[in-house]
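Below, each structure is written out as structure tokens.
In what comes next, subunit A is part of two complexes: it sits with subunit B in the first one and with subunit C in the second one.
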Partner chain A sequence: MTGSLTVPNPPVTAAPPGRGGDLPRLLPASGAAPVGLRQHLDAYGALPTARSPGRLLREVAAAGLTGRGGAGFPTARKLAAAAEARPAPLVVGNGAEGEPASSKDSSLLWISPHLVLDGLQLAAEVIGSPAAVLYVRRNQRLHAGLAGAIAERAAAGIGAARVDLVQAPDRFLAGEESAVVSRLTGRPALPAYRPVRGLPRLAPGRAALVQNVETLAHLALIARYGAAWFRNAGTAAEPGTMLVTLRLADGRTSVAEVPLGTGIAGLLGLEPAAGHLAGASVPSAAGPVQAVLAGGYHGAWLPAAEAAHLLMAGAALRPLGASAGAGVLAALPADRCGLAETARVARYLALESAGQCGPCFNGLPRIAAALEHLAGPRPDHRARADLKRWAGQVTGRGACHHPDGSVRFIRSALRVFAGEAGLHEQGRCCGTDPRPFLPVPAARPASDADWS
Partner chain B sequence: MGKQLRVDPVACAGHGACAELLPELVTLDEWGYAIVADQPVPRGLVREARRAVAGCPALALALRRVA
Partner chain C sequence: MTGITHTTALWYASRATGVVTMLLLTVVVLLGILVNRQGRLPGLPGFAVTGLHRNVSLLAVAFLAIHVITAIADPFVTIGLAAAVFPFTAGYKPFWLGLGAISLDLIAALIVTSLLRARMSRRAWRAIHWLGYAAWPLAVVHSLGSSADARSGVVLGALSGCVLATAAALAWRLSQAAREVPRAGRAAAVLSRLPARKAGL
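Here is the complex of A and B:
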């Protein structure tokens, strides 16, 4: 995607009403116009100072806020670790959003920049950091808007920490925590091998606290309204709301804010009938749906009939290899070939390997080629055996989770589109519409410079 | 408390010295990159494991304490 892109990509739709009746929280009830500083202050009140960092930490822990970037790590634990580190870590708001199927972070940054900036300031105060960075996907309009918001706040004297805006390269892995840190030290945004857990380090003795921008926006609201308020939405185990990027079967996309535990059927307009066959497609307001991709390109395909009964929550999705994570849901229409769609994305994922780890840069292109072969007519049966063997050989063997996530996504396709694979063996295919459905950036960068 | 072999996948360049020095715990994938056994190094193999660590031209292999 280029800098000329309009922001946000998808129109923002009003979220369905949830428990607590106070939704949406992060986005205005209607419209997709940026919320200016005055309007922000009118709606949410002044930025509360973290008078007692310990109190805010306890409030975040009680709220049960988890990272909204995909990994879902408890925010309070990460904040507490950062608050103990000396010198104070650099706070980084991560809006790289390298996932092509997601646009919730850029939508949030475009529409509600001040909530994110509030959260960034609060995190900096809690851990005692004098500086913060907002690391955002490459997009001229978005960057111009954010630079304006940062300047407006500085002029109004809001927040003690200085905020720098840094551009993330247009790569799938640009938002991976160690890649973010690498970029901030002036090196390419490549993932690093980190044998020791804990906060990533910018330099010896200087750690960074990297938090997804949506997580920071939730933090800003918890600081104002408290843990009990936060828990008014969502489930007891997974409280709060989350932003989701929805891609309906007719190709329309939107970003919505929903409580954790919202039914997937409602979000994608699926209308499952009683006694529906497991493998059959499910009618939806946007046309028949054969499968649902949950969690993006490191997530998993689910048969539509199964997805229609699931909730958007880790408890429901994790056992199936999918995740509520970064909130991507895509409804694959019945007239597309799921194998061809997956093969196209698998090729993209192979090209997005940082090229650092042998198993990843050797395995993913071979896996993608095998999948492309399986997506064609009358594939050689050896392709499937090769693919399975290679998938086993790359899993768990990268510095980052790119090989693991890619394999999870591809394996789910082999399960969910097993019927389609059978058709291909007979030289047939259920896909009647050859147009690509899942978004994949058109032109791929080709040089090392593209990582910075 | 034991020790376990860990390979730095970024540093590993597929020389394969580790698999020659310590075939009991290291195999190679079909592209020549080390796959280390996901288990503590048995007491009787610690000396060989140290030799494999020292023998890696890419300094990609390490012995780490595990709980």
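Here is the complex of A and C:
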């Protein structure tokens, strides 16, 4: 299994100039080679450890840092809850990145491991934990690099907390907070059957603080440079920068660091003309684009003409069902069939169901099959009505958000590709290029062992 | 002992509600097995089977309460409030009523844990819900032992029907459990069962 993923060193593009004027923050300005410990210390200075935990907590709160794993929960609130819990919770850096369309976490871990490890160390200090875990997507080269970085720091005497490296199974839901905790207790990485309130528990009386690895990297910089510096980039409501995984219309992918509130048009090279028709495709440097997927496979499709005027920020995207979330942006070229793309992803999402909640493992496969039917020639006229009805029957009925997120994605496709569905019913399709565009891992054998 | 008078009313009420409780508990067990195996009833969605299991349980508990209260209140035999809860302490047929008391205690545990289900671990709730499988046969033996009604005629027929139905449901449950699909494969199993429709372009 190991090493089957592509090496996480996509070309890192220099970010567009932001308001901070000091970007990128998390990744080196050029090149994609791992930053060694010496280079890291030269660039950022020593890990600040003398600060009192309370002061760092206040600084993080003033910075307005939110979780970069997708949910966007205020980091300071989670840290404060963990700092109060006794015994001290285990700190977990979450780099599972189950989302196939995202590679920002593995890029960050590959290129700037010491920034993430700094953040992990600081979080452990704030909450008084003697141990921390780095939970990372299954990839041999990445794990070797991280093990080297951890050993290098231990030899140099940096950080008090011991750091263990744990492999995340190659599943979409492996990074879900309660699934992470389940994996760390030796069980399969499945989401908890019932919703978790507050911090997830490893054992009775022992909680875990699970933070996305990018969040931890930002934490390491806030500890060094302060809240005011952090707020130099981004918007007042959503400060700071975020890593985004961009998939351009020509299929090229890259990871970039951008301030929140950056225009989507600039990121994807879209060139919207004034007075553009709502349903029409938008020219881009990488070819005409018909739609943009924002927020990954639990996010939403947006018509390209609409997306071109939006900013990469929750305030702009959330009302449309999309999210800045884990920072996935994909520009679907005009010559692909959006329904076929959605159907492929929907099948993948259905197969990634943890198989615990009936509405999810019964509903999502039916929805996926109906979408495949709709993506084919001359679908039944009832297919769209069936899909809409089933989508409503699945939403909110799972212990985790897998059915909700999947349905959000599928509903957005029915909305954005409604014209295409109409063409299919007449026996036509505007997709001329049958090659798959969005990345979907091959179907895997289904046994519970695949989750550990 | 023929005819309902003010002295025999409670006795008749207790016997009648006992029979109804037994029938309802059987329905609860059958529905519980169906819910556990994610089975369906014709014309009902999955969650409605769960709802039916809960509502019939509530009805059974109501009849059980009347059955116990009337038996205690009946002046004809002395049972006592404590004997309804503590097994084998009744002044009348202590062994057979004791089995009923154990069954009642187990059912009380099921009710309390089901009310607190959102606040307890699913594993603990499941473990206690397994007691349902013990409460039912105890109730059957209690019925046979403590009441002559249940040893002949229509009531015996009904009780036999209950036992046969539950045995059949248990056999079905075990056969289903034997070919259980692992969690990770459930969605794939559903997908493979769906009628093949032409897909792709």
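One rule holds in what follows: the second predicted complex is superposed on the first by the 440 of 452 C-alpha atoms of A that agree within 3 Å, B and C clash if a C-alpha of one lies under 4 Å from a C-alpha of the other, contacts with A are read in each partner's own complex, and residues count from 1 in each chain.
Just so it is clear, contacts are C-beta pairs under 8 Å (C-beta built on N, C-alpha and C of every residue); 3 or more make two chains touch, one makes a residue touch a chain.
Bear in mind that the values here come from a model prediction, so they are computed numbers and not experimental data.
> Specify the outcome, clash or fit, for subunit B and subunit C once both structures are aligned onto subunit A.
clash
> Using the superposition on chain A described above, determine whether A:G398 touches subunit B (first), subunit C (second), both, or neither.
first
> Between subunit B and subunit C, whom does A:A61 touch in the aligned arrangement: first, second, both, or neither?
So A:A61 meets neither subunit B nor subunit C here.
> Between subunit B and subunit C, whom does A:E372 touch in the aligned arrangement: first, second, both, or neither?
In the superposition, A:E372 touches subunit C alone.
> Who wins on subunit A residues touched, subunit B or subunit C?
Comparing subunit B with subunit C, the partner touching more subunit A residues is C.
> Based on the superposed arrangement, let me know which partner A:L41 touches: subunit B (first), subunit C (second), both, or neither?
A:L41 sits against neither subunit B nor subunit C.
> Is A:L364 in contact with subunit B, with subunit C, with both, or with neither (first, second, both, neither)?
Second partner only.
> Could you tell me if A:A350 is touching subunit B, subunit C, both of them or neither one (first, second, both, neither)?
Only subunit C is touched by A:A350; subunit B is not.
> Given the touch rule stated above, what does A:Y193 touch, subunit B (first), subunit C (second), both, or neither?
both
> Looking at the overlay, what does A:L202 touch: subunit B (first), subunit C (second), both, or neither?
neither
> May I ask you to decide whether A:V166 touches subunit B, subunit C, both, or neither, giving the answer as first, second, both or neither?
A:V166 contacts neither subunit B nor subunit C.
> Which residues of subunit A are in contact with subunit B in one complex and with subunit C in the other?
Common to the two interfaces on subunit A: residues 193, 356, 358, 360, 362.
> So in the complex, the part of subunit A that touches subunit C is made up of which residues?
Counting only subunit A, the residues touching subunit C are 188, 190, 193-194, 337, 340, 343, 347, 350-356, 358, 360-362, 364-366, 368-369, 372-373, 375-377, 429, 431, 434, 443, 446-448, 450-451.
> Which of the residues in subunit B come into contact with subunit A in the complex?
6, 8-14, 29-33, 35, 62, 64
> In the complex formed with subunit B, which residues of subunit A make contact?
Contact set of subunit A toward subunit B: 192-193, 195, 356-360, 362-363, 393, 397-399.
> Which residues of subunit C touch subunit A once you look at their complex with the stated criterion?
So the residues of subunit C touching subunit A come out as 38, 46, 118, 122, 181-191, 194, 197-201.
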